[in-house]
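All chains are identified by letter, namely A, B, C and D, in their written order; residue positions are counted from 1 within each chain.
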């Protein structure tokens, strides 16, 4: 008898069937990974296990006994806790308060025992090796640290089943190592860990079992011996993807599109110099907090530059706001698509034309509905956005991968010469990932200059022609991507630090 | 399904339209000529002219995700400035322009406070409300400003092509805004800014400017309403427009605008104004207790939104089967 | 650094603002040595900014000036109609230790405690316009509002020839207005039974709202021959409604109180009459009573230690018509409203 | 960290408090110079009396605004509860029972507010605005517009009861203020309000019963408005539908001046509201004491409101720039 059993679970939202008859067995003391394309139903399944959604039919069995959970509190009661993909930190509270939210140590009448709270929080952080001041205001901490708070929050509830939804996407390598160490330790303690990730190498590294979801069904569970990347990919997408990464550039020109000379922004990055040429993809690698997004923001005019100069085709420019940048053909595809990318309550059409309104307007001022429609339909076809009649759908109702494609459509519609893409495949499944990489290459081959920011080394190495390595706000080196290995890049990133020490 | 969308009449507008028609037909049947006489219809519409203008301006602000509590006070202050200027013998056109532009300026000040200084709309407009209302009394000590020229009063009392100016101007402005909001870029931008301010900024939409424009239009509408009101009543007074902002907000929400920003419809707002005015009219025709007359718009709001929620629930229940 | 500058600037601006305000203020007792002979009288009303009270205050000011320039007067009170707020204002004024207080009460009972406290502190309190009869105020000057309504009813009956349907426009809840409406209805019931009050409307004391409700009224009931408004803002609204409907000729509109707007409408014949009392006189008398109460003489007083004052003075009310305003002398009385502050 | 530090969270919003304190000081000094009566005992007592109802309601409003909402019903609940209390007392209901019934009624109104807000997906401002309008209608219908008086003697006497030399309303306020000040920094439930205001989704996922919390916040606000209504009835020995006109806006102004943000929930403090309350009370009093026209009072409070919020937003921006 398995410890936790998902038994013929089915779930629909309205007429949209998300999960069909899924059954998976989980055992105590294992790390069980869950993988699948976006929209395959992983998050929904996890939310059902975590008590946030209720299944339409089927049941959840714990040690053979059916359990019903109507909210996260009941799930905790059953010893199940989730670390969510979207950070659920209240930025205005201290780290300790976040960890112990809703089960704070109290003395009487709900009065908080502050001493115990901070001591307990410190102990929790110690347990996972996180160096966080329990009294720090959570909002001022880095994303990685916030993730650690999230994990502590769940662990502090003494759970037997720990579900982690994409826990590593915002973590630095050190933090990932740390996390894995903790997970292995928890496993030894006999806890069940359900691990959701897009990073195949992570999954193959630490999982004991992996279950693959596709279109709301479970296509199989593999154990350690059979865990091969190609097999997993085939089970996920129903076909082999031979070329996850596109071929290298055909025609890199020497014409500089964008150059930065010694640009600095206090407290964010300093003294950056690099060139991006037409026809090439320049990868900018760095861990979280390396200052990549900040740098892109400054170049794009969404933030200031304190020192240094940016040149567009050799001409000095300084964009006061994104509007000016877009006018000059510089576009920035943001990493956080919900917060600063898309208008989720507006239609696909409205989103697609958002950055190029002027071009679909008569006399530049009066919206031409037909033009907007044509343009959007073009991108829906070109980018294969599903469903294909989604013109007037609210973006909120699309899956994550398709939302990302709409974001691409929005920026391609603005007709950029230089496209800055920030983590273009975050939260996107393998199929869509490959497609996005191919699109980027196609754009570069068509003469566009592409600046890709990513913290995934395989992606950087697989896609870019040139790699800018960032670390803690500084540029540690610019490498040509010829037989470059992950080790080379990492060495570059930590070069000076090693020398200092 | 797809064809339904093309009609561009949303659920809420449909509900409102049907409700209004039902009330109208019932009243015609019960009260007969008394009700459907041209003069009555004209009277209903003349009286809702101010509300219509203010509610249209408010719709923009609500689409932007804000709220404008200052419109009533701006209306009073603009009215007083206009009438004082007229009293001083300033040319009508100059006085009207000065008043209307003053309204727009106060609105833009609200917009600047909200967009540039990051002050919550409720607070910023509450502040300007209090300031404007105070200035009204400082300027007039509570006296009426009367003795206006006939040239001025003709604006509110006259007719154009047989239609009273008040109806003509307010409906014309409403229609222009309704059409422009769908296609005119600076107005269309408001939906983007209200939907997601940061994404709008990143997409190159001038969100600050758009916000200032939205509040500016709201102030402008208050200014126009002030001119129409003072000229038709023939006097200005510091107490004009008290609690008009609440009526305008109610009408916009009845019409389907979402206070969280990003959505709103001018047709809906106009229907909301008409519905409230109609119910008020019916209320008086049937001698309803005066104690309840100020609660009408609030109750209509709860009913309209409640009806939608119930209907959607019924619909989705059916969908499940 | 920026912080310091910001702080400094803010403070500087605010301080100068406050100082400026302070200078503009009429000072009762700030000037040290002469303070002994200085006297301050406060008038507290429940809707500061109402034209009616401005006239009362003007009467008070003139009366004060006639006594001597050692007397300062001030007008206080909340702008919104809230009896509890007015009571607080009375308490605050009491803390300034004025020589006398004149109060128009927002309702009959709420101010009792506040007025009692002022009396306990040795400050004479005179009621005017709206009475708080049980408060212990030394005297009351005002109009019998019941009678006021009756005057309106009588005029209405005359103008309508004794029959027809009429409506009342009012703010429910305001005591003076409720009394006027009561007087109006009762007089008609007793003396002109053929005139029926068919509707009572709430116009929220607002001209535009008054126009809206009167329009609906006149439409739904074309038999309405007369409208009586119990306050100063109703008649202009009713006139506007009648104008919109082209019914100015068919409807008799009788208002209450006077203002530049009402005078204008009377002159143009848009409204037929307005019932007026004499707020200027009321203010004048109220001040004189307060002064008398604050300066006891040998005349034995009913309220020692205060000076003797009569408990109640009722002034009359009369109908003012456009015809009467043709007389320059009459017109002069109602024109040129007094400046306040 | 000692307790004092925590209550006034020295690290966080202190600059705003400092400015408010300085302003209060300046107004006090200016007024003390200009009017010999300003610093008298009787005036200071009046100064507090004048704003005490708003002060009580501001406590509840602070929690509502921190939770990310707003409550305009209080202007309707205050007169409603004074009227209901008066009617109950006149019908020989014992005082304690009457007070309990009034509080219960307020709690029901708070629950209705939240239920409508939730089920109709409406912004709290719109819902509370509608409910306030309905309550005014109820008040008018019950009273017919006139003030209710002739309350039982035992009740009337309460108005002049002094405990430790203070009227009942002060005692109630002091107790409430201490509770709110202490609880808002130390009590689990109160802290959860900050949590929900800061990040509602996070709170929900953390297992906080968000809807119950919202409901409680509105119930507290409504109950405090009822307390203010009861105290008004005690203070003036009568009840009227005119009480509390525009009190909602005065209360929100107070809370906003105290540094609680209406832009983003989760930031603000009861301590700030106390300072805001003191500031407003002094300003209101200063106007009457100095004899400046009350018309300027509206202009000045409006300007202070905008300035105060500009200031606190400005501090935030400066802080962000620094970090």
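In this text, a residue touches a chain if its C-beta (ideal position, glycine included) is under 8 Å from a C-beta of that chain, and two chains touch if they have at least 3 such contacts.
Bear in mind the structure is a predicted one, so any value in this text is a computation, not a measurement.
With steps allowed only between chains in touch, the distance from chain B over to chain C comes to 1. The chain pair with the larger count of C-beta pairs in contact, out of C-D and A-D, is C-D.
Separating the centre of chain C from that of chain D, both taken as means of CA atoms, is a distance of 31 Å. One simple way to say how far apart two chains are is to compare their mean CA positions; for chain A and chain B this gives 44 Å.
Distance between chain centres (mean CA atoms), chain A to chain C: 69 Å. Across the assembly, chain A contributes no residue that touches 2 or more other chains.
Shown for chain C are the residues that touch two or more other chains, namely 48-49, 79, 172, 340-341.
Multi-chain contact residues of chain B, defined as those touching 2 or more other chains: 137, 141, 291, 294. Chain pairs that touch, as defined above: A-B, A-D, B-C, B-D, C-D.
In the complex of the two chains, the chain C residues touching chain B come out as 48-51, 53-54, 79, 170, 172, 198-202, 204-208, 211-213, 215-217, 219-222, 233, 236-237, 240-241, 243-246, 259-261, 263-265, 337, 339-341. Within the complex formed with chain C, the chain D residues making contact are 15, 18-19, 22-23, 26-27, 30, 34-37, 40, 42-43, 45-47, 49-50, 53, 140, 143-149, 159, 232, 235-238, 240-247, 284-285, 288-296, 298, 300, 307, 311, 314-315, 318.
In the complex of the two chains, the chain A residues touching chain D come out as 52, 71-73, 76, 82, 84, 86-93, 97, 101-102, 104, 106, 109-112, 114, 135, 140, 153, 267. By the touch rule above, chain B contacts chain D in their complex via residues 67, 113, 117-120, 122-124, 126-135, 137-138, 141, 246, 249-250, 253, 259-260, 289, 291-292, 294-295, 297-299, 301-302, 305-306, 309.
Of all residues in chain B, only 5, 182-186, 188-189, 191-192, 195-196, 198-206, 262-263, 316, 319 touch chain A in the complex they form.
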